[in-house]
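All remarks here apply to the structure that follows.
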Amino acid sequence: MIIAATLAIFCAMILAISRAFMGPTLYDRILAVNSLGTKTVLLIALLGFVMGRPEFLDIAIVYALINFISVIAVLRYSDSNQFKENSSENEPIGKER
Amino acid sequence: MDLVISISSGICLLLGSFICVSGSIGLLRFPDFYTRMHATSVTETSGVALILIGLMILSPDLLVFAKLVMILLLGLLIGPTTGHVLAKAAYHNGLKPKLTKSGNEQSSVPSSERGGDISKS
Amino acid sequence: MLLKDLFAVTMLLSIYGLLSATFFVAMDAVDVAFTEASVGAGISTLLLLVVISVTGRRERRVRHKPYAALFVVILTSMLLVFGTSDMPYFGSADAPIHNHVAPRYLNDSMQEINVPNIVTAVLASYRAFDTFGEVVVIFTAGIGVLALMSVSSKALSKSQPLNRPRGLYEQHLVIRIVAKTLFPFIFLFALYVQFHGDFGPGGGFQAGVIFAAAFILYAMLFGLDAATKVIKPAVIELLAALGVLLYGSVGIVTLLNGGNFFDYDYLLADPIAGQHLGILIIELGVGITVTCVMIMICFGFSLRRRAYEQKVAIRPKEGAV
Amino acid sequence: MFIGLANTWVAILLMMIGLYIVIAQGNLIKKIIGLTLFQTSVFIFYISMAKVEGGTAPIFSSDISIYSNPLPHALILTAIVVGISTTALALSLIVRIKEAYGTIEEEEIQGLDEEQD
């Protein structure tokens, strides 16, 4: 049952990665990274049980923390002027040219 | 007793992984950012909780149990917060939700003005 | 890597860090996964983001001809693949790598050092001199960043209001409160990682990065001024040097007691207790140095970014070339 | 029979992607990202070499007899932290270049240099 759950989480991660690749806006990518991070936490917890040594859950805790910090970082720096989202990411390169 | 443990944890794990996968499908398939965020952040909280509870039932000793509880608490605290902040940041920086035709006209106000109004209030 | 948006590239790099750390877990390298999780997904993403917010998000259209590069790359990869034909297969127990020093580490470290985490034993005791070199490299890199990024305090007029949108720390009440409740747990967890490194995955490097991440989170949420009030840059620089000094002085003490450099057997009367004390102290030194260097780097970048933004705000033509 | 070498080939593939980015991309930040990829491929190579069939993580436990090789783990652990420090140094150089030239594209920097000469 644990292995089934591991595989399911793995599939979910693949879906999240494809969303991160496709974009289309910045926030979709941040969302995909965040969701992927949560799934990685689960995957590592599950992998610990699959491999029979579940005492290494510290890594999963670190993941949860770092995931939070990196999302905050992305938002913090996406607030600066250069990152202003003008309706769509894919429009031609900025006005300063 | 063993049977009860394995069945209950199995149910939790299966439900949790089903929820996680469905949330990810939502992340992939929904049309715009806000619906995608709705899909993931709602499902993720419950999916994480269920899978971790399933693992807690299986956990061999107290330390592992405590760590799982820690991860669960962190997940419950962090997941909704990031969802909230992401949505707020996206809205403030002018990402418009995809609306129906009548709604689209309403939201044609320049987003920077709207953002300014909201942050003042 | 055909994306023109550097921000998206950074996000994908963060995913890459997450995935490679998962790979390290699957390959039994829990300590490495620990480090990669905190460094690859956390700190390096953060640094890249700061730099991109200075240098601009868009990549200009490139007109390079990739054929020469492609030729070099394909040639090199063919040579490398040809070279792998002699490599031992994945997971084989009789590969040369498992035959020289590894059996000694695996079999004797419990008697010689009595630390369950063999990676910590190798890192901090058997190869302590090597690790010392690495710590000095980190320290030197920190000094280099400081030399390149330092801003004179006159150039940074604090009173001048910036016409940029108000930061995250002013907008988001929810995240401030959540982060405030999280800080004690992050610090507690970092201390646990620091001092539990003998028994499980963890140690000075990982704990240092987690500590630094907590401080950087604070700086991001409450502003750089508040963060520099909490921990002064001069103190950080001093502590970074002190960590290296602490590490090195352990070696000096063992020399004075009649042993080799970093031979902890001579630290105390009982060799095992000496090993434990030595590992504890040098992990502490590593943790302090890594924390301070990471904080130093991030603060340096943020200060520089702020100074740059002020310069651009004063002379907009010059900044936006 | 060559499936046992797949891990090495994946490492080579990643390394070559990194090398290609370093050579072909003009943007300095992308070059740094290429270097990071290159670096990580080396990490993956080392760690996959350390794995022993049927072994577990090298943390001593009384009921386990086979462990993976701890030496590459110790090497790579320090290499990761050193890697981020050197990356930070490179990034700070990039920030200085941006301040001095106003761009981080290699060709434009070269063009500006030639103008000055």
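Some notes on this structure:
We call the chains A, B, C and D, going by the order they appear; numbering starts again at 1 in every chain.
Convention: a contact is a pair of C-beta atoms (placed from the backbone, for glycine too) under 8 Å apart; a residue touches a chain by one contact, two chains touch by 3 or more.
The structure displayed is predicted, hence computed values, not measured ones.
Looking at B-C and A-B, the interface holding more C-beta pairs in contact is that of A-B.
Distance between chain B and chain C, defined via averaged C-alpha coordinates, is recorded as 29 Å.
Computed from the mean C-alpha positions, the centre of chain A lies at a distance of 12 Å from the centre of chain B. The distance from the centre of chain B to the centre of chain D, with each centre set as the mean of the Cα atoms, comes to 32 Å.
With centres taken as mean Cα positions, chain D sits 20 Å from chain A. The residues of chain A that reach two or more other chains are 30, 32, 51, 55-56, 58, 61, 65, 67-68, 72, 75, 78-79, 83, listed in rising order. Shared interface positions of chain C, defined as residues touching 2 or more other chains, are 28, 30, 52, 56, 60, 168, 175, 182, 200-201. Taken residue by residue, chain B touches two or more other chains at 74, 78, 81, 85, 89, whereas all remaining positions touch fewer.
Interfaces, counted as pairs of touching chains, are A-B, A-C, A-D, B-C, C-D. Across the complex, chain C meets chain B through its residues 166, 168, 171-172, 174-175, 178, 181-182, 185. Interface residues of chain A, counted against chain D in their complex, comprise 51-53, 56.
On the side of chain D, the complex with chain A involves touching residues 56-57, 61. Here chain B touches chain A in the complex through residues 6, 9-10, 13-14, 16-18, 20-21, 23-25, 27-28, 33, 36-37, 40, 44, 47-48, 51-52, 54-55, 58-60, 63-64, 67-68, 70-71, 74-75, 78-79, 81-82, 85-86, 89-90, 93-96, going by the rule given at the top. Chain contact summary for the complex, chain D toward chain C: residues 4-9, 12-13, 15-17, 19-21, 23-27, 29-30, 32-34, 36-37, 40, 43-44, 47-53, 55-61, 66-74, 76-89, 91-96, 98-99, 102-105, 107-108.
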